[in-house]
Structure formats: structure tokens, C-alpha cells
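Letters A, B and C mark the chains as written, and numbering starts fresh at 1 in each.
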Amino acid sequence: MITLASDFGSPYPAAMKGAILKRCDARLVDIGHEFPRQNVRAAAFWLSQILPEFPPAVHLVVVDPGVGTDRAALVVRAGDHVLVGPDNGVLLPPARALASADGEYRDDIDAYEFEVDATRSATFHGRDVFAPGAAEVHETGIDRLPELEGLSPADEIVELELPEPELTENEVTGEVIAVDDFGNVITNIPGEVLGNRTVVRVNDEPTPIVRSYGHVEPDRAIVTIGSHGNVECAVNRGRGDEAFGLDAGEPVRLEFA
Amino acid sequence: MITLASDFGSPYPAAMKGAILKRCDARLVDIGHEFPRQNVRAAAFWLSQILPEFPPAVHLVVVDPGVGTDRAALVVRAGDHVLVGPDNGVLLPPARALASADGEYRDDIDAYEFEVDATRSATFHGRDVFAPGAAEVHETGIDRLPELEGLSPADEIVELELPEPELTENEVTGEVIAVDDFGNVITNIPGEVLGNRTVVRVNDEPTPIVRSYGHVEPDRAIVTIGSHGNVECAVNRGRGDEAFGLDAGEPVRLEFA
Amino acid sequence: MITLASDFGSPYPAAMKGAILKRCDARLVDIGHEFPRQNVRAAAFWLSQILPEFPPAVHLVVVDPGVGTDRAALVVRAGDHVLVGPDNGVLLPPARALASADGEYRDDIDAYEFEVDATRSATFHGRDVFAPGAAEVHETGIDRLPELEGLSPADEIVELELPEPELTENEVTGEVIAVDDFGNVITNIPGEVLGNRTVVRVNDEPTPIVRSYGHVEPDRAIVTIGSHGNVECAVNRGRGDEAFGLDAGEPVRLEFA
């Protein structure tokens, strides 16, 4: 199985599928191609959430603002999974999530560089470099990765700097990681900080804490723990980003009375 | 085969696919994940149109504004098909369409509740409840559904109230069910009311009735019978919703001279 | 394998998939369903780029502003591929690209008309005519196409008039074919005209020519040769269409100093 994730929109992902299917007949599954454009951190967050839902697979990830520059191309083995994509930090967070079985992190990650043949294009390595690479990795199989021609161990790979929330006794300051398609505002604040409280001030606005959206009337703002385990600011049957005035990258301050 | 329909946008549907593929290797087909958010009636309409095009399958349907509340989770057998989703009315209209073979309705529907294990999340039952449920139904097979552990007959399930058009001798008042991505305005008025007429007043505006969009000049407004069999207000190579000033849920009055 | 391309958005493509899967169990791959609505030229461009990436397949193409009029339905064999869609010009450019193996054009194209049974609908031939046609072609196989019942050689089929760029010594005037989802402005001007130059005036604005987006600072406008081989006007990590004020169909003038 090969999964595909990118910020390409439509129809470029189909060119990657063609390039794969010319080389192997793997099952293809789209993770999504609407990731915020060229936003490596948002993609790393979403992939960390979603890829561990999958059985062992090759995951092709192309969020690549540095296409055509000299950034390396990587193959990263994480547990029984393999990621293929650019060396810009997008692969390591999901690799760590994939290497955490049963909630326990195991240091079971190998990274390799592979040679980029950019004779065909300088602007579409998804089609010309990474998709063929993913197909080759799929056909080789995870156990024989080290034997794959053109692959060499990567000494140092790019590490994303992810912002950590700051906790004091009665206050947490974090950041919006992503806004989903419902308008739910996903923060980097772990849900545990909410404890058993029933109310919290979000950027000065007192807001009820509930288990799920439908526990308040339509159009009411809430704070909840999202499916990702983090604090989420939302509106029942409405858009949290609009109600809270929050967008990706912006700070969020929670105060407990 | 398992089909997937939701109002999730991207990338949440991929988490459901992963959850299914961890449990079985069914063929997956997307019905669509851009259904109007939390609009149970619009989803019920579209699914009634599209699911009967498919061969026997398990249909996973997650338009679920009540996620995390105590609404039940359902498995509904309809003819040779099975639907899996929340008990909020979204499943019955497509179930009835699926149980109508050759245009003849047969009372061939069974409904079951299944136990919701919400220990993992309260906000993403698509991933944590319904996708695993669909995988289990798929692996069990339609003939052995009653034997499936955790399944019990559902005595009463939610029934959507769908608006019926009002017909008088020279007038019909109906409602817009949905606007499609072309901007075509789909009403709940059956196409038969148009008879052999060639013109009709739509909310006071005289409009030609034609067989298809291309039978008038570009940018001309028309009334036609859509592929769903209902009256549709459209514009050749343009947007009917803008020309007629109509959106989902709004009333439409047709007058015949 | 059957690929699907349309300007349908969501969820109509699923009805075509159901119609195919009722008739055969071919692998289905989406090319894209967000092609600019009813824009036959843009679809022909994108399909010429993407379909040749695929191994031999049946390609279902439904960008069909003339649905329900008397335009013919076509099956076009191009090399080892087959295209199925309306006779409005959308099929010939990708057919020629598919018939060009190793960059060499071979006159290896056959076109057939097939009978349209429009008893079911006049507005959704994707579901009622072309999808069943593609399934039948897939099951028959490319070698036995001429034996397929209802198929007859097409004497004359619609040819798109595609604008050619005008070249003088120091100037090229072309047209925007498409804007992709990144906002990159794709012109009909072949990349070769740029030669080894490092700067060009685009509609009077001096612009650097670079190999890829990341070779300039973020938000800087560039000209590059896109993955399609044509001149592309772009912005590193931004939108070229906004920076250059250009949209599909508009003229582009390149001047070399």
C-alpha cells in the first residue's frame, strides 16, 4: 500500500499516481492534497495524527517549498512503515508517531538519502523524484531497504522547531497548529491541562468546557479535547475560527479562574 | 466494497480509511466528503441519488452533528446493501432508495443498533466507532449480520421530516433541497408537474423549460428535469443559484400560465 | 484500469463510479474533478499533461457543456490507451500526447462514435452514457474495440482551436492556459524561448528567470519553465496569478532586453 499526501490540490496528485502505477500495482490511498500550501508544520501535525491509523505502508509526502533547490530527498523507516519525501522536517514528527506502538515510543527509525535525478523537471519532484522513489521502495520491501541502489544513510536531517506551550499555575499560552475544515481551532496545548474544570477563559473570553460539540446549543462556543488529544476551540454547528478570531500560527492563552 | 460519505472535507476521511484498512482489505470508494456541513437532509438527498448506482456494498455515512452525545449508532440493511452511521435520520432515505429495485419499493429494511465504545474520543466517532463498525460488518457479511456481537434490533429510529411540495391547479410551491457544484438549483418538486409545457414562472420570472442546458444560449436561465427526476433551475454555462437568487432551504413557487 | 476526469466537483463523480462498478471491477483512479467548469480547452491541456504518466488505461473524460444536445459520444484509441467522452474537442489533445511515445509522435489514433441511449436523463450523460461506455470498453479490451456493438468509425470529430504564441525577435505574445491551485500562471509559450537569459519583461515588469521557486526569497515573483515545459509566471511561496494580475485566457507578453 502507498498513501499520498501533498499540498497540491487538483489535478497534480494524479500525475504522481500515474508515475507510481507505471512502476508497480500497489494499492493507493489518498491522505489528502489540501494541506495548507507550503506549510511544513501543519502537514507534520496532520500526518502525525492520521498515518498511525494505517496498517504498515509506504507514505509518500510532498509538501515541498524547496523543490528544485539542493534539499535532499529522504526515505525514513519508522517501525513497519516507510516515509518518502523532502528533507525539510515534514517526515520526522509522523515517523516518531509511527514508531510509537501502543503509546510507547521506540527509537526505531532509520533515515536514508536518495539520489535526485532532476533531469526531467526542477519544479515537480513529486512526479519525477518522490513518486518513483515511493514505487521503488514499495517494490523492494521494507526488509531490503538498505540494499536499495542509490540509497545511503542520512547523517543529519532537518528537524522542525515545534512550539511548546508555556504552563504556569493558572495559565497556559500555546499556539494554533491548524484549523480544520469545520473551522475547529486545534491548539498545541495538551488536553490534560483542562483537568476536571467546566470553564476556561480563552483569550479573556469565559468558555464552557464540554466533552463534545453537541453538549451545548447550536452556535455556542466551547472548549473541548479534540480527537488528537489537544485543546480545541469550537462552535456547535458553527465555525470556531470565526467565533474566537483565531487562525493557524496565532497565540492562544487559557486562564483558569 | 465499502463506500465512504461525510461532511469532513480533508484530511479526516483518511483517518477513517486507515481505521478500516487496519481491519480488512475491502475496496474503498469515496462517495464524497464535501456534503454541506452538518446538513442531514442534504446528505440524505444526495445519498438517495447516488448509492443506488452502486453494486451491493457497505456504505459508511458520517454526517453527525450529534457526535459525542447519546444518539445511537446504526447498521441498516436495505436489500443487498448495508448502511452504517449515526441515528439522526440520514440513513433511512437512502435505505429506502436502495430497497427499491426496478423502481418498485420493497419493505426490505432491517435496522440494528450497535454499542458505541467512546473510550478513544468523543468528537471523532467516524474514526473510532463507525469506520471500525463498517469494517466489522464488511467482514461478517450481510447474511450473518444478525449474528454480529454487539448488534441488537433497533425498535425506533429517527425519521427525517422532509418537506413535501404543495400542488394546486396552476401552481406548485416547493423548496430547494440542494445546490450542486455547478450552481444548479435542485428542488423537491417532481419533474412530472412540468408536463409538456415550454414555459413556467419561477418566483414570478417567466423561464423556458428545456430538455438540457445546451438547448439555450450561454448565460440563459432555464428550468429542466435534472438527473434526479426533480425540477431544476439552472443557467447554461452559468450558475442557477445566482441567477434565481436561490439557496438550499428556500421556497420555490412555480406558476403555469 | 479506468481513470476519471470531470468538472463535476462533488458528489456526482461517485455516481459514475457506481455505474462503472455495477458493470466491471476495474481499478478506478481519479485524475481530478475540479477542472475549470465547462472549459474544454483547460481540461484538454491538463489531460495532455497527466494522462501520459499512466500505464495503458481507459480514460473517462466528462467536461461536457453540450450534454443533452446532439453532440456525439466518442471512443478514441491512442496507442495503448482509450479515451471515452463527448465530441467537443477535449479528447484529441490528450490522445495526441498519449500517441507520442518517447517524445515521438506516431499517427496511431482511431476514433469511433457510439450510440447514445438518453432514455434515463438528458443532463447526466457522465453517469448514463459515458461511464457505462467506459466500462464496456474496459471489458471488451483495446484489441477488440472494432467489434464492439454500437461503435462505428467517426469520420470527422471536433478539433479544438488552440491559440499559438506569436514570436518575433525580442518578443513573444502568448496566452494563459491555466492557473494551478498554487496560483502558478501556466502559459502556452514553450520554455525554449527563454534560452539562457536570466531576466525577462512580463507585461512590462522585469522578472528574474530561475530554475525553481526556491531560488529566490519568499514572495518574489519569478519566471520559470514549469513541469509541463511551458513558461510559468509564479511567486515563491505565494500566488503568481495575484502578483502578475493574470487569469486563464488572458494575453501574456514577454520581452527580452
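Please note the rule applied: a residue touches a chain if its C-beta (ideal position, glycine included) is under 8 Å from a C-beta of that chain, and two chains touch if they have at least 3 such contacts.
These figures come from a predicted structure and were not determined experimentally.
Superposing the C-alpha atoms of chain A onto chain B requires a rotation of 120 degrees, rounded to the nearest 5. Judged by shared residue numbers over all numbers used at their interface, chain A and chain C contact each other through mostly different positions, with under half in common.
Chain A and chain C have centres, each the mean of its CA atoms, that are 31 Å apart.
Within chain B, not a single residue touches two or more of the remaining chains. Chain B meets chain C in the complex at residues 1, 3, 5, 29-35, 46, 49-55, 180-182, 211-215, 224-227, 232, 236-237.
Taken in their complex, chain A has these residues touching chain C: 8-15, 17-19, 21-22, 28, 37-38, 65-69, 71, 120-124, 127-128.
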